[in-house]
């Protein structure tokens, strides 16, 4: 069992923790943080397993993918935060409205 | 050589634990401000992890974008949410 | 480099809307004109592609080729999807020209976002690379959410927020699957993965993660909860786009992955039966909920939940009878796209006209907006699955597949679904003929908005008449793979 | 004010489910082959014809440049979404305090210099458009925090042009090389390095400005 795989398992741990919080926590800011942590977990799986190259430098393709992913994540986070602000402004609640209450 | 490897293992193990602990605190701690600050710390530790994984490009991107700018966005949102709250409280009391 | 001549048409289908988005963002006073011009150009190119495509084409971007580079692939399945987005896209663009004419603030945001969304759709239908698909999915998701929030009401913002969270969660589940497949088989190219993947735990894990992520985004029961509020509270051109096109995109990815990577590995009857069962539940639950609604746009949105269910009946039926089931499903998806766009457009006209969408207070709209009501009724015929319409052909093919497979329970579901659709659609049409207790204001509806709704609705009838050329296009390159 | 979370039974069953998921996926990861070079050999083999000397830059801007192009479109559309959702930021006459004004005066030129260095370095080592753009964006955020606002004459279409410059140049190059090489984004080798640097320079600038705009929230100076 190599360190690389252990880091990947840590990434899975982050993914699972984030998913738990995304489902369980009600405050939207907490949900946005949870999604970011889940994303970091996936990036960690991608990058850690790229270091399984035998004696050579690590595989650069997942590194490029993760950089792409980080930029996408900040874009999504910015949009989510503005939406959150607008939701609080219009409803006064920092959480999702109950879908059944019309 | 052996000591260096051992230290490397210890450092890796420590980083993994710190990462998981920080993630848990970000999602479970009381107070949003504290959560955001912990999240920024999480991003910085993560960029150390990228260095350990021989991914310096990712480390740079993470430190600048993941921790830095996302952190700034989160903090400014928090400030605006606080302002909104204050306004609502005033509305309620008047 | 590429020895044979490769057509640039597919590439233009991605880059034209992207350039249109950039230009309409910078020159915002001309946004509507630029947007409609782009839409016409994309439509023309999609038609040209349909008539020039004789066999599937692979386009290596940058000339590298998989696995190092990214390839684009166009075959019959991508072609039909591109035609679907081109037709609905042109219709919605013309409709939006009328809808946003009086709302310049919204128009300047709508055009670049919509053209960006179109870029994502076309890029997605042409992608042959699972990581590239992730990027297009995110482009699609973020622009769709921004469009859904455009209305600005509390309902629209809440709906968009939930939509964003679900969409991001779906993308991350999908991306984790991509990570597993890449690290197990050393490529993100779908065709290469199809060759290399073998039935082992990592493949199964990727299958589960990606399938869950994608059915979340496709709003398959029981993950449909986010769809009705988001689709119903968006502004009407956006509702049409979301329901007609956006949810089909994630279904398309699921189908591609399934056909080329997972199905050949025989993951077992359990998976296909489960997806079929969820589809059947979606048909029943979505239809019953649609019947209960008092708001027109929510009714149409719940109808989308139901209609998406039919697409998943393809999984168990294709396992039993092969490609015929997928033909049926794609026909249904195509007909639903046209019909649902027409329904949301007609509903948008009614909302604009009367200022509300309470079904009980429709107040004789049939006399006052005859074209929109005609569009509603004709599109409704296709949704119910009555002849002559694309919906009829799709359901007929699906019924044939079910009977051939000897799985009569799917026949029952399809028939009940049709009857429930008739019930909820006639409820609307009935109130359109009656006089409401309180009469209300009436705003003029631009003729272009009525006509585009009607033309798309008539399109569903044409789909019922043009069956063989469409099925021939769909068969280009044998996307559903009958044997090697 | 703090919203209630989910009910205990729900928390428990979700936790149980996720522990199961984690265990299954961890088992899958441990079953992967312990050694695998991935695409590293293919990247190494093509480095000589990529136009740059750093593998990650070669993947981002050349081998998988199409992904990067679309990803910059994602960033741009997110900014558009933010602008469409939030009220415009009015032009302010706020003057920063002496202390706050002094800090960016020292730091910002340094950060711009650093961004330029990262950009140039991307061809041979860790660095490149995204990192440079991020540093530029951070410098911008620092300025915004001290109350600095974009000069009015730079608002409007000039700002929008800056925002699209990165994607725009990428699209332009992607299509312009088609007559020469026959494929989209197929840079002819003699000019590959130059084209990549050109794309990166504008991409870095656009990314920096976009990140600043995302932080600012609304569209500066837009009439509502």
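When the chains are written out, they are named A, B, C and D in that same order, and each has its own residue count from 1.
What we mean here is this: a residue touches a chain if its C-beta (ideal position, glycine included) is under 8 Å from a C-beta of that chain, and two chains touch if they have at least 3 such contacts.
Keep in mind that what you see is a predicted model, and the values were worked out from it rather than measured.
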Comparing A-D with B-D, the busier interface by C-beta pairs is A-D
Calculate how many whole Å lie between the centre of chain B and the centre of chain D, each centre taken as the average of the chain's C-alpha atoms. 19
Cα centre of chain A to Cα centre of chain D, whole Å, reads 17
Starting from the mean Cα coordinates of chain A and chain B, work out the distance between those two points in Å. 12
Between chain A and chain C, what's the gap in Å when you average each chain's C-alpha atoms? 27
Out of chain D, which residues touch more than one other chain, so two or more? 25, 32, 36, 38-39, 43, 56, 63-64, 67, 71, 74, 77-78, 81, 85, 130, 211, 214, 217
Which parts of chain A, given as residue numbers and ranges, touch two or more other chains? 13, 15, 19-20, 25, 27, 45, 49-50, 52, 57-58, 61-63, 65, 67-68, 70-72, 74-76, 78-79, 83-86, 94
Multi-partner residues in chain C (2 or more other chains touched) are 131, 135, 138, 142, 145-146, 149, 152, 180, 182-183
Chain-chain contacts as defined at top: A-B, A-C, A-D, B-D, C-D
Along chain A, where are the residues that touch chain C in the complex? 15, 19, 22, 28, 31, 35, 38-39, 42, 45-46, 49-50, 52, 61-62, 65, 68-69, 72, 75-76, 79-80, 83-84, 86-87, 90-91, 96-97, 99
Residue ranges of chain C touching chain A (in the complex, touch as defined): 131, 135, 138, 142, 145-146, 149, 152-155, 157-158, 160-162, 164-165, 168-169, 172, 175-176, 179-180, 182-183, 225-226, 228-229
Interface residues, chain A side, partner chain B - complex: 3-4, 6-7, 10, 13-14, 17-18, 20-21, 25, 27, 29-30, 33-34, 36-37, 40, 43-44, 47-48, 50-51, 57-58, 63, 66-67, 70-71, 73-74, 77-78, 81, 84-85, 88-89, 92, 94
If you look only at chain D, which of its residues touch chain C in the complex? 24-25, 27-28, 31-32, 36, 38-39, 42-43, 46, 62-67, 70-71, 73-74, 76-78, 80-81, 83-85, 157, 160-161, 163-164, 167-168, 171, 174-175, 178, 181-187, 224
Spell out the residues on chain D that touch chain B in their complex, using ranges where they run on. 1, 56, 118, 125-128, 130-131, 134-135, 137-138, 141, 211, 214-215, 217
